[in-house]
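Quick heads-up: structures coming right below.
After this come two complexes, each holding chain A, first together with chain B and then together with chain C.
Moving on to the complex of A and B:
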């Protein structure tokens, strides 16, 4: 029983790191720009397929393709911001939220159809030669690929954390998220800050997509379920908290895995229920300031 | 005078629609019409809470699904059809009552996320509890006819539109719209926003339940989880926004347009590509035409008539 629990715990950490990574991007755009990107999961799907293509067509190792995917998705995110969101971002807060939501809806309709056309509806997974291997530690099997995924997630989130805390751009982001008008008066280029923030969020989703393709599989309609997961973690963590989002992701991953032993298929519903309770009684999140 | 004209036009359209099954026996046409009427009911019901009250409820599918599932069970267990419809809708509204109090503690983005997740919980639970498709018993299948389905959806759609029309002209409607424009200001002016929002939610979900009933009565076989799919919410929201949010005619025009385009595009485009076209259209409307097709039509009319009918 303890072995089973330990194994489940490790699996939970593996999936939880993914939850954390996908959430950080969503939380960033939500916290800084006050827009809710319902299509966040769609960018995860695109990132996954992109890495799949690089692997299948050019035989590029998925871990090497991570920077390529990040750059490509960063550019894609910037493009989407310029075309769709730049106009919306100027609105009053409620209108902005509503319009960004509706645009996300539109993207949610478009992306899966394009993905079906480009990659068919089949399940795709990235399977390098080493993908099945694992290291036994005290009767617990630590699979290489998910473990490497956890490392990647930690590195990316540390990078983001340093970016936000130590650089001028980070200062601009934090200033803008607190009060964009004041930030603008202080000479911060709010539009460019928004552009880079959104592009960064999309790039993070893309990176998560590569890891999802490596450890699970990618289908054209995978986006919405990941968006929902990210929304849950955002609320658990509190909006705008990078470190908190990662830890909340880990918590959700472990709770889901361990819960699955006892509750079977109802675990997902349990996770969602916990989420609703937190939303009602602690809307600032577990790690947020009230 | 204007009022009589309205009544005359409405009556004329209703009479024409009532004649449709007498003039054609083509099942594809009847299915089109039935679905258009179903979508009018569904989108109009969302319009009450999302359009008039300004609460972006993304859990609408939950109430559609609850209405569909319960009215189908009641109907098949021998309860007369109208009562089964009514009870199904009441189940949906009752659920809204239960979750309404906690849900409306949430505002803005939290309300959006909360309702979306709530519908997902229900979908997963239903999918797990009832994994098998519900098929009509063979006795009913052999006598299946689209004509009663058509008339029932016509009746319910008319009822829904009439209800929204009445609400929009009432004191309640004014209260709802004041919440949409500025909730705090409305509260200050003596509108009990919590009660208003809850009442709007109950009415909205009641009609969503009726729309579910239409679908339950229409479909010969259905997967219970499918009734709770977020796509029902999304379709309703898209129709309302493309047609014209917070108007009576908007959802009607939107539904006609939606079903027509859906059927036409699926003739010429592969697979679900029509959905992508909808996505593009939808984004264009959100970005450039916030008033929807209604606004476009009145703009065009003004241009053609030289602005003579601005009022």
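Moving on to the complex of A and C:
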């Protein structure tokens, strides 16, 4: 039983790191721009397919394609911001949130259709030669690829954390998130800050997509389920803490994974139950400020 | 240095300013006084580019700024300390000051400016690692002014810096504003406390219902019977 639990725990960490990574991007745009990007998971799908293409057509190792996907999705995110969101970002908070939801739902309807046209509705997975391998540690199997995924997630999140804490740009992002008007009066180009923030969030979704393609599979309709997971983790973590979002992702991963032993097919409800309990008893989230 | 020429400004469909004109010279201290809702804040927000006039023009050292985005106007040397301070409450005092020096030119000399600001407000130095939201009201106002100075403005606009502060702290803040002015920075002060405003500035504009009413030398406005009865509450008439 302990072995089973330990193995389940490791699996939970593996999936939880992905939850964390997908959430950090969503939480960043929500916290800084006050827009909720319902299409966040769609960008995960695009990132996953992009890495799949690079692997299938050009034989590029998925871990090497990570920086390529990050750059491509960063540019894609910037483009989407310019075309769809720059106009919305000017409105006050309530209008902004509502309009961003509508835009997000629009993208959620369009993206899967485009994906079906480009990649068909088949499940696609990125399967390099080493993808089945694992290392036994004390009767627990630590699979290489998911483990590397955890490392990638940690590195990316650490990078974002340092960017926000240490650099002038990062401080401008935090300032803008706390008081955009004051940020403008300090000479910060708020529109550009929004653009880069949104693009960073999209790039992080893309990176998560590569890891999803490696450890699970990508289908055209995979986006919404990941957006929903990210929403649960955002509520769990509270807005505004990069590290918090990651840890909350790990918590959800482990809870789901361990819960699956006892609850079988009803595990999905477990995440939603946590979602409700947090909203009822700690609406600011585990790591958020009230 | 600043020339506001017949601007009309709207809040949505509502006209807030009618043909407002005012000038500020190099190193001058000017105040805008008037009742709540008269349009004083709208004027400074228009100058700093948060609002855009539909008619008229605003020039700074001859350059038209009324269509410029706010960050460009800050780069030219106009900085506004907004009403209600507008600090970044979750960030430390030091980080707030750092962001004050965001524009490239002031970033280069931020060490020196920081010394100047700490000189004016020693309390900010001793509190530099404190989260700024936990400062007292007076300290937050000092931080807001100090942060604005970090951008090395040529024109500093202050919107109601005395709002909600104890008299002793207000006195201290106005003493510092005087010092800032003596270092060569022009001051545009929006103030409801007419007595203080006229006392510290050289010229004043009285704003009434979105229009410029009387304006001129602060001292003579202070002695004017009409101003006395309307704003100072000292006249018998």
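General remarks:
FYI, the second predicted complex is superposed on the first by the 290 of 290 C-alpha atoms of A that agree within 3 Å, B and C clash if a C-alpha of one lies under 4 Å from a C-alpha of the other, contacts with A are read in each partner's own complex, and residues count from 1 in each chain.
Keep this in mind: a contact is a pair of C-beta atoms (placed from the backbone, for glycine too) under 8 Å apart; a residue touches a chain by one contact, two chains touch by 3 or more.
Just so we're clear, the structure is a prediction, and the values are computed from it rather than from any experiment.
Counting the residues of chain A that each partner touches, chain B and chain C differ, and the larger count belongs to B.
Once the two complexes are laid over each other on the shared chain, residue contacts for A:136 go to neither chain B nor chain C. By the touch criterion defined above, A:273 reaches chain B but does not reach chain C. Once chain A of one complex is fitted onto chain A of the other, the partner contacts of A:224 are limited to chain B, with no touch recorded for chain C. Of the two partner chains placed by the overlay, only chain B lies in contact with A:106; chain C stays clear of it.
Of the two partner chains placed by superposition, only chain B is touched by A:84; chain C is not.
In the complex of the two chains, the chain B residues touching chain A come out as 56, 102, 105-106, 108-110, 112-114, 116-118, 120-121, 124-125, 128, 230, 234, 237-238, 241, 270-273, 275-276, 278-280, 282-283, 286-287. Of all residues in chain A, those touching chain B in their complex are 30, 36, 84, 87-88, 94, 97-99, 101-103, 105-110, 112-114, 116-117, 224, 228, 231-232, 234-235, 265-266, 268-269, 272-273, 275-276, 279-280, 283. Chain contact summary for the complex, chain C toward chain A: residues 48-50, 69-71, 74-75, 79-80, 82, 86-91, 95, 98-100, 102-103, 107, 147-148, 151.
Residue ranges on chain A touching chain C, taken from their complex, read 168, 171-172, 174-175, 178-179, 181-191, 240, 289.
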